[in-house]
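In order of appearance the chains are A, B and C, and numbering begins at 1 in each one.
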Amino acid sequence: MGFLTYLINGLSLGSVYAIIALGYTMVYGIAKMLNFAHGDVIMIGAYVTFIGMSSSGIPAVPAIVISIIVCTALGMLIEKVAYSPLRKATNLAVLITAIGVSYFLQNIALLLFGSNPVSFTSVVKWQGLSLAGGQLKITGNAIVTIISCLIIMVCLMWFVKHTKPGQAMRAVSEDRDAATLMGINVNATISLTFAIGSGLAAVAGALLCSSYPSLTPYTGSMPGIKAFTAAVFGGIGSIPGALLGGLLLGIIEILAKAYISSQLADAIVFAVLIIVLLVKPTGILGKQIKEKV
Amino acid sequence: MALLEVTNLGISFGGLRAVDEFNLSIEKGELYGLIGPNGAGKTTVFNMLTGIYKPTDGKIFLDKTDITGRKTADINKAGVARTFQNIRLFGDQSVLDNVKIGLHNSFEYGTATGILRLPKYFATEKEMNNKALEILSVFGLDSAADILASNLPYGKQRELEIARALATGPKLLLLDEPAAGMNPNETRDLMNTIALIRKEFGITILLIEHDMKLVSGICEKLTVLNFGRVLSSGLTSDVLNDPEVIKAYLGE
Amino acid sequence: MKNMNKSTQKLLSTIGVIVVLYIVLSVMEGTGNLSSLLSGLLVPVCAYSLVAVGLNLCVGYLGELSLGHAGFMCVGAFASAFFSKVFMNTIPDVPRFILSLLIGTCFAALFGFLIAIPVLRLSGDYLAIVTLAFGEIIKNVINVIYIGMDSKGLHFSMKDMLSLGMEPGGTLVVNGAQGITGTPRQSTFTLAVILLILALVITHNFVNSRTGRAVKAIRDNQIAAETVGLPITKYKLIAFTISAAIAGVGGVLYAHNINSLIATTNNFGYNMSIMILVYVVLGGIGNFSGSVVAAVVLTLLPELLRGLSTYRMLIYSIVLIALMLFNWAPSILEYRNKHGLTAAAIAAKFKKKNTKEVS
């Protein structure tokens, strides 16, 4: 039963990674940039939810909705102020700017909320299920996290496939110049992508801190890096890839912690990533692009 | 045996047969033309000859050595150099350095010698500079040696690419549409240059060309490619009068 | 030829400025005019500069983005500190430090080489993420290593101190997450400056040599480089290995400047890799002197802002974003071109005022 418990915990953590990875993978697919500040948007989202619930006494769902609104606005603002002026600059310049934004968010949070960790109250009040006569306990957090992840995934895939803005997103990610010629508003599409990614970050923040309740201005940093790894793992730019990468990463991490060494878990996660990329250089579901001679 | 002997060369991309049963024989010193409509597979042939694509069938012999499917760098060492349809210079380096990179395998000193600036470094660099300037002067590019390659005018960039290819000391030079994007004057200059380097370097040349005037003016022999297959091949005058070729080029 | 002379001139003037700064700072330190905060930063600044110079070789000349150079710095730091600690009482100070410098550099180079073999098959952002992953692995693994020393020799464990099974009188050299304590503090400012100048000379000579030209050719156009007969993998490996080795030297300096060497996210993890990358990009990709300038300015900036206490890192991040936009945003560059605010134009104005200082 121990193994099953670990597996479910892994799926739960992996679901959080998958939701964060979506933000990375969509932004990468459409704006061709690594948004290093994405992890910090998660942290801001978690703080907003925390304040809503603890200080203002708002119930969990409206608190998360407020957090989604704040993060969406924040994501669009960041894109407008820091990234859009650099749209035609080299990738490296945008990457460094994203790092600057990441520092900025961390330090704003440090000023506003201080460096002491706050104890996040779970957004899920339900205790969860107890199966097989109490031997297998599944927390409410895990169930809600996994289900939220699946719902988000399905909605997003539907959105990208069947709606006009979704089609515009796919077009921009295929070929930005051609999309412009076809009359697609590239700026609006990129802005929308950031909005969706950041809104999801708010959800991820609330779910992450429900399972791992210690919240500091640096909380988003490591999960951000790992979710980015998950996105690369699954094939960056691919939405199903983010799901697959996120889940695998979460499971590997929890199992490594349980069975090998808790200190080496991260090393093992990264080692698996390296092996996957060496076997399949564009990730599990990534597309191979060859240079034309 | 001819300098370049290609037999039954073929390649497939997925289900698409891009080139099939391609045969070619070029004697030492010849100037040979490979012509055909867009998408006929001419550049694909070049890419197989230089190892950028691995052929699915057939053999390529250069000077009696089998070079089929070998690595690009090794094929160059064996004696094949090329230019590209879409110019590929080392744009962030000077004109002189572009040619010196072509000379890379003809002159030798180790990485440590370069870092420590031992006497051999200075001696070899000097030799390389002289040799590179000598090659550049054939194209009248020696006065532009210090300019960044990407800052050269278009026609000069094409010539620099040829100079760089020549610097590797090839037996066979492959030119992929050398006159593409040139005006009639530049094209005429280029024809003279090609004739000149053939004489000066005693080299065998295979060129891909669209410009029929250029082809008929300088090539002794032609092979016409259409839909990945050889349509006609032989002496230039014969090929150009071949009804099949006229049909393919002018339509019915 | 002119090109080469220009870059040599630039190297010489950079070295000149470094030497002048060194003399000024040394005199200030000797006369007690340097705040303890600033004097404590002298060696770290040189160490960061070294890593930045190494990374710039990778980013600017090999054309590959590495987010794992802090890992090579980490390897250099731990290998050399381990050696110094083990032979603390058996080898005299000077030869021991020289040996530990060599060992740190060689280990970083070895790791760079081993990592480069698989990694250089990838390119672009994939290469970046894999180097980041390697950096994290190195840091993580070092945190679980325990090495002890007694009369029987060395004892190694990846579990804990007790499983080393040492004799009672044995000393613990590497103590897991607590790292190495009591490394001799031999990194002086003089030494750091000498090593930095050496790295600048080596990188300059390298990129202007036959091998360096080949590396640049591969960066500019890999397919063309292959068709002129360059062995791509070999030169990529050489460049990456040298780049890692220089980062290792930075690590050696860093390790011998502090009492307790531990590997955390901030000193050897991706945070450090990213910080160094910021130096490289702000100082100019491919511009070694620029990397040093950026490392110095950006290390000192937060310290100079210390009076602003909690706001300093916030200001730092805003300055960073503003600088990136100022230097790279196409619309801002256009504006600067129109109003004579380009770097060249500003430098020209500056030159007129301070002709002597610049030459």
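By definition in this document, a contact is a pair of C-beta atoms (placed from the backbone, for glycine too) under 8 Å apart; a residue touches a chain by one contact, two chains touch by 3 or more.
What you are looking at is a predicted structure, and each value in this text was computed from that prediction instead of being measured.
Relative to the centroid of every protein C-alpha atom shown, the closest chain centre, again from C-alpha atoms, is found for C.
The chain with its Cα centroid farthest from the Cα centroid of chain B is A. Centre-to-centre separation between chain A and chain C, using Cα means, comes to 31 Å. Centre-to-centre separation of chain B and chain C, using mean CA positions: 43 Å.
Separating the CA-averaged centres of chain A and chain B is a span of 50 Å.
Chain contacts: chain C has residues 223 touching two or more partner chains.
Contact with two or more other chains is made by residues 52, 84 of chain B. Touching of two or more other chains is recorded for residues 293 of chain A. By the touch criterion given at the top, residues 1-3, 202, 205-206, 208-214, 216-217, 219-221, 223-232, 238 of chain C touch chain B in their complex.
Remark: chain B residues 50-52, 71-74, 76-77, 81-82, 84, 88-94, 96-97, 100-102, 104-105, 107, 109-111, 113-117, 121, 124-125, 128-129, 145-146, 164-165, 167-168 touch chain C in the complex.
Per the touch definition, chain A reaches chain C in the complex via residues 28, 34, 36, 82, 85-86, 88-93, 95-97, 99-101, 103-104, 106-108, 110-111, 222, 225, 228-229, 232, 236, 261, 263-264, 266-267, 270-271, 273-274, 277-278, 281-283, 291, 293.
Touching chain A in their complex are the following residues of chain C: 59, 65, 118, 121-122, 125-126, 128-130, 132-134, 136-137, 140-141, 143-144, 158, 177, 223, 265, 270, 274, 277-278, 281-282, 285, 310-311, 313-314, 316-318, 320-321, 324-325, 327-332.
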